[in-house]
Amino acid sequence: MPADSASNSPGGLGVEFAQFAKRYGARFALRNVSLSIAPGECVALVGPNGSGKTTLLKAAALLIRPTSGSVQFSGASANGAGRDSHDDSTAVKRYIGLVSHSTLLYDNLTAEENLVLFARLYGLDSPDRRALAALEPAGLAARSKDLVRNFSRGMRQRLAIARALLAGPKLLLLDEPSTGLDRAGQHWLGATLSDIAAAGCTVLMSTHGAGEASAFVTRAIRLLAGSIAEDSAVSGDARGMLAAALAAHQEA
Amino acid sequence: MALARPIGILLAKELRTEFRTRELLISTLVFVLIVLVLFSYTFEPTTAESKRFGPGLLWMALLFAGSLMLHPSFTREQSNETLVALRMAPIDPVSILAAKILANFCFLLAAELVLVPIFAALYNLRIVPVLGRLAAVLVLGTLALCIVGTVFAAISSQARMRELLLPLLLLPLLTPALIASTEATVGLLDDPPALSAVYIGVLAAFDTIFLTVTWLFGEYLLEE
Amino acid sequence: MGTQALATLGVALLLAVAAYCALFVAPNEATMGLIQRIFYFHVPFGWSAFVAFAISFVSSIAYLRTRTPKWDWLAVSSAEVGVPFVTVMLVTGPIWAHPVWGIWWTWDARLTSTFVLWVLYVCYLLLRTLIDEPERRAVVSAVFNIFAAFDIPLVYFSIWFFRTQHPQPVIGAGGSLDPRMLDVLLLCWGATLALLALLLRQRYRVEALRWEIERLRLEAESRGSVPPGLAALRDKEYSA
C-alpha cells in the first residue's frame, strides 16, 4: 500500500458511534447504535440484507446525517503516543476509503483519469504517478487508458478497491468487496487487506462470511433490524460468528 | 480561496466527460436551431417584427434547451453513485455544485457562440455593432439560467417525474431573468442601440442573490 | 374541542362583520360603483397570502438549520393555506376587471406577478408530492421555497418595470383612498389574517397528527403487536 506522503505514519482511525440512529421516513435503518472500534481493528459486519450494514458503513464514511446521535473519530498520532480527535470532518475524510455496492467510478473516463481525479481531490502530490502506481498491483496497468465503461465486472471492482486505497486511508470501509471478483481478484484483495491490517489501518467490512478477506478479521458484529445483535468482543467467538453467517447465507 | 482548487479539478472532469461524447452539446445546438426555425413560421419576419419578437424567441429557445441540457448534470452521477465518491472527498460540498454550474455555463456559452450568429442571420438582425454589450447580456443571462438550472437539476434528480419537473420549476423562477435578458437584447437591436441599465441591474442582482443562496443552502441538496 | 369551535365562530363572525362593512359601510367609489367593493376582498386576501408565504419562507430556513420536523410542518401548512388565498386574489381580479373594462384579463403588472407567485408555490406543493422520503422531501422543498421567496421581489420589480415601458390597463388602480375606505380595508385584512391563522393551525395539526400516527405504528411494529386499525394505515402512502 503506498505510504501517505503527508504523514509517513501507518496507523488507523478509531471509530466511535454514540447512539447513532437513522430513519428514512417510516423505517429505521439504524436504531441507537453504540459501538467502539479501536484503531487497527479488523471488523466484519454480518447480518441479513436490510439489517443496516450498508447504512453503518456509510455513516462511518460521514455520508449520512444522523437522525440522532453521532459518529466520531480518534487517531493515533505519528509516533503512536497519545490520541487526537479529528473534529473537523472535512480533514478526517482524507483518511477514509470506501468500497461500496456501486463502483463509484466514472464510466466515461479511463481508469487512469478516474484515479488521477481522486488523487487530485484528495490533495496527493504527483497525482499522475500515484494513479499509475495504484493500477500496478491491481493488475490494471495495461488497461490504464481504457474507458471504465469497457471494463468487466471484476476489473471494475479491482479499480474501485484501488481507488479506495489511493490516498492511503487509515479507515477502510468495504461493502461486500469480494462481489464480482474472480479467484485471482479475491487473492489480491486478501493480500491487500493483509498489508493494510499489518500497517495498522482500521478495517470495517460487511461480508457474508466467505472469501479470503475474512481471514484477517479480528472481531465480528452481527446486525439485525438496525441494532447490534451480537458482538464478538463480548461473546468472544469471531470465527464462529463468521461461520454461522456463511451458513445462513448459503441457506438463503 | 480554498474552494478554487476543487472547483477547478471538478470542472476539468465535467468538461472532459462531456467532450468525450459531445452528445449533450450537439443535441442542444440542434434543438435550439429547430426551435428558431419553427418560430419563424409564427410571425412575419420583417425587420420591425424581428427586432420586437426575435430576442424573446432566442431566450425562450435557450431556456428550453437549457432545461433539457441541465438535467444530466446530476442524473449522470447516479448510475454508479459517483456523487457519493465526490462527497467523501475532503472538499467543501458546495464546490461540487459550483463546478457543475460553471461547466453548464461553459457548455451553454459554447452553444451560444454558434447559435447567436445563426439566429442573427436567420432574422436579419444587426448584432455586430453591439457585439460587446450583447455578450455582456448573454453572459449574465446564461449565468442566471445555469445557477438556478443546476440547483434545480439537483432538486429534480431526487424526485419522481424528474424530466418534466425541471422545466416546470425552472421557468416560473427565471421570469425576472427572462424579461431582463429579452428586453435588454431588444434595446440593443433598437435604433439607436441602448443598453438598459435597469435590466442589467436586474440580471446582476439575480445572479448575485441566487449564487449567494446556493452557497448558503446548496450543500443540503447533496446530503443523504 | 371547545376552544376550536369558539375560534371558528369568532373568525366567522369577524368575516361576516368585515363583509358587511365592505358591502354597506364603506363609501361608494366615484367611478366604478358597486363592483369596486370587491377591492375589499381582492387586496386583503393578497396581503394575507404574502404573510403566509413569509411564514413558509422563515420556516424553511429554520428547518434547514435545526432539522426539527415542526418547522417543516409549518412550512407546508402555510404554503398550502397561502395558495388558495392567492387564488382568491387571482379570481377576484378578473371579476373586477370585466364590468369595468369589458375584458377578463390584462397583463396588468400586479396580476401577472401574482400569477407567477401562485405558480411558484403550486410548484412547491407539487414538488413535495413527488418526493416520498420525508426528510429528503423536507430538505429539498425547503431549498426550493427559499429560492422562490427571493425570486418574488425580483418578479414583481421586473414585471412592473416592463409594464412601465409597455403599459396596459391596470386593475384596481386609481383614486386616493378615502380614510373610511382605509378603515374598512384594514378591517377586512384583519379578518383574512384571522382566517389564515385558523386554517394554518388546523393544517399544522393535521401534519402533526400524521407524524404521531407514523410514530405509533413504528413503535407497535417493533413490538410486534399492531392493532388492526393501525395496520390498515400501513399501506397508505405517507405524503403531504
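Going in written order, the chains are labelled A, B and C, and every chain counts its residues from 1.
Simple rule for what comes next: a residue touches a chain if its C-beta (ideal position, glycine included) is under 8 Å from a C-beta of that chain, and two chains touch if they have at least 3 such contacts.
On a predicted model such as this, the values are computed, not experimentally measured, just so you know.
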| item | value |
| --- | --- |
| Pair of chains joined by more contacts [C-beta pairs], A-C or B-C | B-C |
| Remotest chain, subunit C as reference, centres from CA atoms | A |
| Cα-centroid distance, subunit A relative to subunit B, in whole angstrom | 39 |
| Distance between the centres, which are taken as Cα means, of subunit C and subunit B, whole angstrom | 31 |
| Distance from the mean Cα position of subunit C to that of subunit A, given in whole angstrom | 49 |
| Subunit C: positions in contact with at least two other chains | 132 |
| Multi-chain contact sites of subunit B, meaning residues that touch two or more partners | 223 |
| Multi-chain contact residues (two or more partners), subunit A | 65 |
| Subunit A contact footprint on subunit C (complex, rising order) | 67, 132-135, 214, 217-218, 238 |
| Contact set on subunit C toward subunit B in their complex | 64, 116, 119-120, 123, 126-127, 130-132, 136, 139-140, 142-144, 146-148, 150-151, 154-155, 157-159, 161-162, 165 |
| Subunit C-facing residues of subunit B, complex | 148, 151-152, 155, 158-161, 165, 168-169, 172-173, 175-176, 179-180, 183, 198-199, 202, 205-206, 209-210, 213, 217-218, 220-221, 223 |
| Residue ranges of subunit A touching subunit B (in the complex, touch as defined) | 58, 61-65, 90-91, 93-94, 96, 98, 100-109, 113, 117-118, 120-123, 163 |
| Residue ranges of subunit A in contact with subunit C within the complex | 23-26, 28, 65, 67 |
